[in-house]
């Protein structure tokens, strides 16, 4: 479910454009077997709860608001043993007019999203934050050689290929006492800069280097998962038209793509 | 990746329209840490393998073909410890001309798909089959009352509401020696008929009844998972125009929807 | 905007699942130039109007209801000179239980939709009805040879290829006094049967034959437009694996596709 | 169809990520009526032509390349009387590493696209350029009052509402001798700045102001069309929970939305 919140307390309005996913787990056996709804909190009530909590509380970092939501659901619902709240934030930046940031007009920064997922029981909370739909591409410093050759191999070795992917990242924080905004910005920066600078022997290797960099530099992160589909750009064979193709003309394809995923944990 | 196969050996052509998802697990540590690709089977080769195996083998039941694929990957790749192959089949039926089935012209039966997923190690195979995107709706025999009331509750109790959902089902077979086609058709029939006939006190209860019916009647199935989002159709308040709405005019909404999921196992 | 209407007057409920698109044209100059909203009927009011009219009137054929809607908007809005109402109907059929049609449980028949578009002024109405997203495929009786060869031609001639397309059709009726349901069913049948039976030399030729057949057999139709993207299924080259491909293994692709469109009018 | 072109002639690689749509019109009657394909240039050949022309020519401004493409098709195909080429360019910017633009790593700037459409006959060319999927939002300086009240009106007047839209713009140039890149950037800037600064009485009025501003300031543009769906953000009624909502909590909805469109021409 979606929510837009505007904070108008300053001349420069703050805008939050959020999508919520709420999952409550517990003992719901008789709901299924007997149609006993006395323990069911309807989706509609969850939606209203989001609106009301959003009115009663500031939303600065989505992690804080998601924590507050899990606390609300656990406090008020004894039948619930675990609450999982996921928030996905669309990113808007201020429009510039005459070079200056506008106080209340915004432009959407594409598909990239900031995410958080809190998995909370009454004993323990796991705070995972991340990025979705971050699309990056490099035109060189990427190769793929030395792979298995079998009777069905037709892929040529490539010492210089395009590397395009849509990064999804999720990392686990070691505590609640973190500057979530600063940490998210830094993790994002480290992922993107490592992608750019890495001399890639495979998507797998670059993915690993990106995750390792985040783990090395951000001590408040104990674990990171990365998903990076290989969005292939195939060099077009122009020899049929008596032309060469000096790594210049490519056909981007959606299917098939290798889906590369891994989780790195601090040792 | 997609594949269409046409069997032309009879006057009545057979058509298979399949989508494949292949996942190979094993020891790929040095791929990530050192860029050593010597154990990597490229996506491109997997794609070629599907084409070649599809040429060399009949594809009647997708379960048999997926089993054959996992065997291929495990036999030829010592570095792989587990192969997971998922096949999704789009369903076409023959066009009728003058009331008779046409030998080679087909019409697509919407979004509904037949699926299978084989998870195979060298020791063990798990065969899961199912249905995706089966959209059903009933206009009565569905209510939702007796749920939790809290300060944020606004949903009225409904003794007669529309129940619309998009069923995704997956069930686990007890053996490889099964008539997969007949069993799929029967499981599908049982799910749909139970949905239609059930006097529903909640989506959860109907989901449970559907799964239970399949487990009761098909001994070759040991476990079934169902996912049934509640695609709400809200009665429109026409009192603002001095009209009643005797459960007749509805607004279907996409968001928010309750996502109801459960897995039933033979006890 | 969407609307679901249930008619419960018989034991066998009737279900309509409709999507509306309403466009009002007229003299709206000062709305744009001066911000004068006194002639603007808000989208929200149009939505309410659909609900209220749907409550007050039976909806059997979407054409009749769309006509009624254009009349409503033209009668009540002197500033409007032309009203265009498009209705798209999702098609549901009854679930069968023990071989008998169920009175109130339905299953959706895929993506195919019945459509109508009424363009009405105070003087004249144009009634266009049609089909959207009708996906059909034939495995033989389709070729494509004799096309232009130029320096960039690589497509081989094909005397026997797969022909897959998603038909969108729209036809214009000569009058309001038509059995719209029967005519729609017949036009649909003629399109599909012609697709199946036609020995196709090109998508263009089959499209023409389909439209011609409808014009020849349905005198209440004066004009028909067809859009049929060529959803290519490319034969896979298996010679690299020392296999032949006797027109059996295909790769369906989304892009690029030729988009073939034409309008036929009675001479 | 898609094409990625990389220009590697400098250390700072240039990247073009383009989607093409090609439409050839002419006398194709016998193609339809007789299956005579001798005048048909297959889609596959058009695709190859794009690759070959992209290899043979620099692609700096998409307008220049689209012009060149229409010239190619008209020169080589006497049966074609009109060629329409549309190019849609996805926008990538350089990744910054340590504050400096990276020479060959890029990040995608969301959904926004630069477009051009050339409609060319042997006598005349119309050059239209524009923007697609530019998503903007303002949190104040937007109202909607004074609209028609009828029996189905429930929308309250709003003196301060959220205004969110996805701009699609297309403008016609007066000549081929234009700095297309500079003009596109300026037209885009004028549209966005006017959206931000305008005190909006309706979407229609703001749309008009945006178009008027471009026509006033860019003499090389003779006509501009704008399409701006009203992506409603509805204030949530929190009074049910004994809370106020001081224009702070909103529900963004996809449907229904008013689709506001207009074309402005220099008088």
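For clarity, chains are labelled A, B, C and D in written order, and residue numbers in each chain start from 1.
What we mean here is this: a residue touches a chain if its C-beta (ideal position, glycine included) is under 8 Å from a C-beta of that chain, and two chains touch if they have at least 3 such contacts.
Bear in mind that the values here come from a model prediction, so they are computed numbers and not experimental data.
Copies subunit B and subunit C of the same chain sequence form an interface built mainly from equivalent positions, shared numbers / all numbers used being over half.
Taking each chain's centre as the mean of its C-alpha atoms, the one that lies farthest from the centre of subunit B is D.
With centres defined as mean CA coordinates, subunit B is found 26 Å away from subunit A. The distance from the centre of subunit A to the centre of subunit C, each centre being the mean of the chain's C-alpha atoms, comes to 38 Å. Contact of a single residue of subunit D with at least two other chains is seen at positions 2, 48, 52, 151-152, 154, 240-241.
Taken pairwise by the contact criterion, the protein chains are fully connected, each one touching every other.
Those residues of subunit D that touch subunit C in the complex are listed here as 1-2, 23, 28, 31-49, 52, 76-77, 144-148, 150-155, 200-202, 204-205, 207-208, 230, 232, 255-259, 262. Every residue of subunit D that touches subunit B in the complex is listed here, in rising order: 151-152, 154, 240-241, 254.
Chain contact summary for the complex, subunit C toward subunit B: residues 2-8, 13, 15, 17, 48, 51-52, 54-56, 92, 95, 97-98, 102, 104-112, 134-141, 162, 192-193, 195-197, 233, 236, 238, 240-241, 243, 245-252.
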